[in-house]
Amino acid sequence: MARFKSSAWGLAVAIALVALVLPLMLPSYALATECLIFAMAALGCNLLLGRLGLLSFGQAIFFGAGAYCVGILSLRFGTGIVAGLLAATAVSALLAVAIGWLATQRTGVYLIMLTLALSQMFFFLCYAAPDVTGGDNGLMNIPRPNLAFGGHELLSLASPFAFYVFVATICTVAFYLMARLIASPFGATLEAIRDNEDRAVAIGYDTRLYKVIAFVAAGAVTGLAGGLYALALKFVPLANVDLAMSERIIVMTILGGTNALFGSMLGSIAVVVLSYVLSDIWARWQIILGALLVAVALYLRGGLASLLDKAVARANEGARP
Amino acid sequence: MTHSLPATQGPPLAVSGIEKRFDGFQALKGVSFTIEDRGVYAFIGPNGAGKTTLFNCIAGRIRPSAGEVRVAGRDITRLPSHRRVHAGLARSFQITNLFASLSVHENVRLAVQAHSPRRVVNMWRGRDTLTDVGARTDTLLARLMLTDKQAIPAGLLSHGEQRRLEIAMALAGDPRVLLLDEPTSGMGIDDIDIMTGLIAEFGKSMAVVLIEHNVRLVMKISRSITVLHRGAILRSGLPEAIAADPQVRAAYLGAAA
Amino acid sequence: MITRRTFLGTTLTAAIASPAVVTRGLAAEQVRLCTALSLSGPFASAGQPAEAGTRLAVSALAKDYGLDVSLTMIDDEGNPGRAIPKLIVALQQGVRFFSGAVLSNVGLPMSAEVSNGGGVYVSSVGADEITGSACRRSTFRWPVPSYGAMRQTIVPLIDKHPETKRWYTITPKYVFGEAMLREAQNIFKERNIEHVGNSYHSMTETEFSGYLTNAAAAQADVLAILNFGPQSTNTLRQAADFGLKQKMKILLAWSAGTEQYAEIGSDVLEDVYVGAQYDAAIDSPGNRRVVELFRKNLNVTPSYAMVNGYVTAMLLMEGIKAAGSTDPAQVIKALEGRKYEGPTGDEELRAFDHQCIKNYYLLRGKAPTKKKDKDDYVDIISFGKSFPDAQHSDCKMT
Amino acid sequence: MSVNLLLTQIVNGLGIGMIYFMIAIGLSIIFGIMHFINIAHGAFYLVGAYLCYALVSATGNFWLALALAPLAVGVVAWLAEPGVRRLYDLPASLQILATLGLALVIQEAVILIFDPLGKNVAAPAGLRGAAFFGSFVYPKYRLFVIVFTAAVAAVLWFLLERTRYGAVLRAGTESMQTVELLGIDISRIFSLTFAVGAALTALSGVLAAPIRGVEPFMGVEALSIAFVIVVIGGIGSFTGALAGGLLIGVVQSVMTTFWAAGANIMIYVAMALIILVRPHGLLGRA
């Protein structure tokens, strides 16, 4: 894991490997696609929580905005897939400027409460604007256009396999870029702010600016994930912007672990696959999920990624004579 | 590293008419002084004289109720803390305040990096690839005698080493004015001697504003000493003159009694 | 998972033993049904009985149809955002026959997704669009939509009580509620009824006393609650608290059946008019069979939710049997226009919009002292069939 | 809008607001003392309401439920607090993860024990139906709730503002170290606070049961309202929680007549504004 942290290429290779193996382990491409999409959503949350120590209950705003953006553009204007996803990323990033600017006026519990309030506001706004968002019914029959560039069709995304490859590529690139970001001087500054914000101000950093920029990066990748989710489901439910969605993203992030970006992938796979498998077995499956969350909070504070860390360490030890 | 800030003419630090009121209590009653040149300038006074309030007003941690602070001719009274650093004003904290979980090297590197703003927000390069930042970091570590400790987390340094690290970080931007708040508090004899020597040396290249209890240290290295009493300046002058001043003695004894 | 493995096993054995059987016989081919219901989440109260009914249909009827059926449940968690991903997984695993969904915000995208995936879906939802503006060749729907629910409750109530001239409505601000309100207003106009007021509320509202006070202030003769589920229960409960039952008649136009009556309680339900898709007391040969089946196998009197789960699964099996094939296109053809003896009497899946033509019921709450057993909450007042004809339908199937 | 209607809405708002107040004051004192983000707070409300349902079904006596259910929840909370204590030192993110998990477990356990169907709880015999004051009509049970919660609030006010325990609690909200320096056994304060907070919240669940019935998801709803009120009123503030609860109750109630969908947006706009402008709440101590 230490290598993944320092090397963006290492992380990209690891993500690509996971993307390669995932469909072999899971019953369908759809499930694997969902894992990768939520890994990207959790990646944004990971940047904020892991690098900056900021817990945002507003991640569903970005996820939902990205999804609505792709949905509305392709339904109303027949926008292509690349333009749609770019717009989703840009719109979420813009929203993140506003949300980040407001939220970082406060710290600690008040920041959490502020993101919670903003998230609820956004939910009720979407609910109250059915002409735009489809309200409670959501946006249906969203087309999934083929990948085209300058009028030339490059790839049909109609088959589950083709779409999975498309998502896997974007996901790998997103993880790679995020790893570059946190390895940069900018990323170093975020760690400094997490460690001691007062001091960071005293040596001359405009810490709020850094926090807002981090919000923008997190918002952009989460919005991109939301846009992909709209294309995956061909449907944008109101549930994309509800509090449960923010909770889901947070749970994936913390469960996976915030010491390494790879944790977001683990957290997403764990939650998506568990809720799929368990709900098939027992209607009260959320008892198991709940107990698992408590256990992780108490006994596995570094999340699933730390488990992997330990396994690697043990394997290294065992390899030595 | 040099700054290309406007209005770099004028004395390093000019404070005029600083007042601070807290809920009916007047902590500072109009403090004015000007530091014209390099050297160590000490501020002493009995407890409650307003030293720390004055320090915080200059550093930007609290905003004065009235008055003005200028660094190198530039009015910084309303500037947020982080921008004062770029105006040439650096400070260390009375309570040790570091990035405890980061390495000594990274602490200094971050402080140096803060002064290359165009590349700070660069999200593409590795954090260790800014070579001039690396060189400056190494210089500072050597100057503060921390080179052999650079790999360990700052939280694991001894108290004296932590105070030195504080100062290394404050020096990162090559400030015109360095504010030090009781740099030797809680130190052992050996560490105090090292620190005293370092402060004297800094005084050769910048204006050092020192708030200190240790009168012996102050006497040894200060170019000028200012005594604060009940929120106002009581006396200001050469160390010997201050030591002999009856009013200063009365203030200290009165406070003690 | 076990059933999937068994599926592989039986097919292989059959293939080795006699390849001809596999290609020819329906019996050897396992039919995979998938039902989406709220098993957890805020609508689990509707999902659980529906699950029981669906399972009973498969366990009791598959043999009669000569089918080997495996049934998968999708827990929609009361949330389309959770339901649709699971549905897509099932489609990608090759499942083609779907039933269920109680919530319209799950049923509508489900209809679209099953249609894209080349399956067949017999829906349990009430929303008009599913056999209206959003109708699809692959989707059939058993319950009566809002049009019939309004026609078969408001009209008989006016006929029975011609003195009720002033009506007040409470409507959730959402597609289903608005559809009911629109039709109610049409009826008011036709019958010269004064619509003295309507209160819109959000789907998250839990406190209705404000609207109830409005209704009392408007001096209405009838209060019509144009809503469903837990919210309508709360509205009714609070209406009783505010003494509205003494002042006016109350109509709960779209009830969920026995489970909801139990939640409301006979004290409150007494003399309240209720619209319903089904009641165990329906006197028809089809219903007598259904009631007996539930009593015998599950030892319960069936509720609407149970029967809904039962009938929708039954219709899928009926279609496969009639088509003699598991090809979805053949099954759709076999179900179109199909007439059968259902729990509400003669029922028909009409061809042009795939809506089931069945009765809707107006019931009235019994006094607690007159209950024959614990599930006996209501008397049937009237029933009938009302559906928009092809000209007035929004369904444009291609 | 008639005078009667407005009056009803306001009285309604007061009744709901008092129930909100009791949910929120529990959260407020627990958060004020332990600085512990408890997403499972709604579970006290949920369990209180279900205990009420179970006791009323078994004995037919609502008054018994009113006395026993909060007591039972309080005692369980008292016993459980030493176990919960290990969460206090965790970072906020892990507190949220753990208590979110706990809330899920409790909610699903309730479904497992009862079933997912909502239940009806009858108001006590003497309080069924409506009281008539001329043309103004109001349910007797709701009037009882207003009077009863006002009495509870008065007792609570006395406890918090006029007794030694209250003084310790208020000091603890400022700084727990100070309390420790005074030689007071902190762990007893923690247990007691947790128990009192839980019992009050359970009591609000009992009171709400005959009004809105019981169902497994009522805890979630209570939680978000409680957070809003605590933020608006100020953490650890008795008068803040009371004012916040009544304000939200009345605004919600009166707004339904004008613009129902807007009520929710307004509440969260207010919450955000207060955090931005007055982070210690309308009546919190700075």
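Going by the order they are written in, the chains are A, B, C and D; count residues from 1 in each one.
The rule is simple: a contact is a pair of C-beta atoms (placed from the backbone, for glycine too) under 8 Å apart; a residue touches a chain by one contact, two chains touch by 3 or more.
These numbers were taken from a predicted model, which means no experiment stands behind them.
If you take chain A and chain D together, the chains in touch with both are C. Of all chains, B has its CA centroid at the greatest distance from the CA centroid of chain D. Chain-level centrality, scored on Cα centres against the all-protein Cα centre, points to A. Distance from the chain B centre to the chain C centre is 76 Å, each centre being the mean of its Cα atoms. In terms of their C-alpha centroids, the spacing between chain A and chain C amounts to 37 Å. Centroids of chain B and chain D (each the mean of its C-alpha atoms) stand 50 Å apart.
Contact of a single residue of chain C with at least two other chains is seen at positions 40, 44, 48, 202.
Among all residues of chain D, those that touch two or more other chains are 108, 111, 261, 264. Remark: the chains found to touch one another pair up as A-B, A-C, A-D, C-D. Within the complex, the chain B residues that touch chain A are 59, 80-83, 85-86, 91, 93, 97-102, 106, 109-111, 113-115, 119-127, 130, 133, 169-170, 172-173. Touching chain D in their complex are the following residues of chain A: 49, 53, 55, 102, 105-106, 108-110, 112-114, 116-118, 120-121, 124-125, 127-128, 243, 247, 250-251, 254-255, 258, 284, 286-287, 289-298, 301.
On chain D, the positions that touch chain A within their shared complex are 35, 37, 86-87, 90-98, 100-105, 107-109, 111-112, 224, 227-228, 231, 261-262, 264-265, 268-269, 271-272, 275-276, 279.
Residues of chain C touching chain D in their complex: 40-42, 44-45, 47-48, 173, 199-202, 204-207, 209-211, 213-214, 216-217, 230, 233-234, 237-238, 241-243, 259, 262-265, 267-268. Interface residues of chain A facing chain C in the complex, by the touch rule stated above, are 27-31, 34, 127, 135-138, 140-141, 160, 232-235, 237-240, 244-245, 275-276, 279-280, 283-286.
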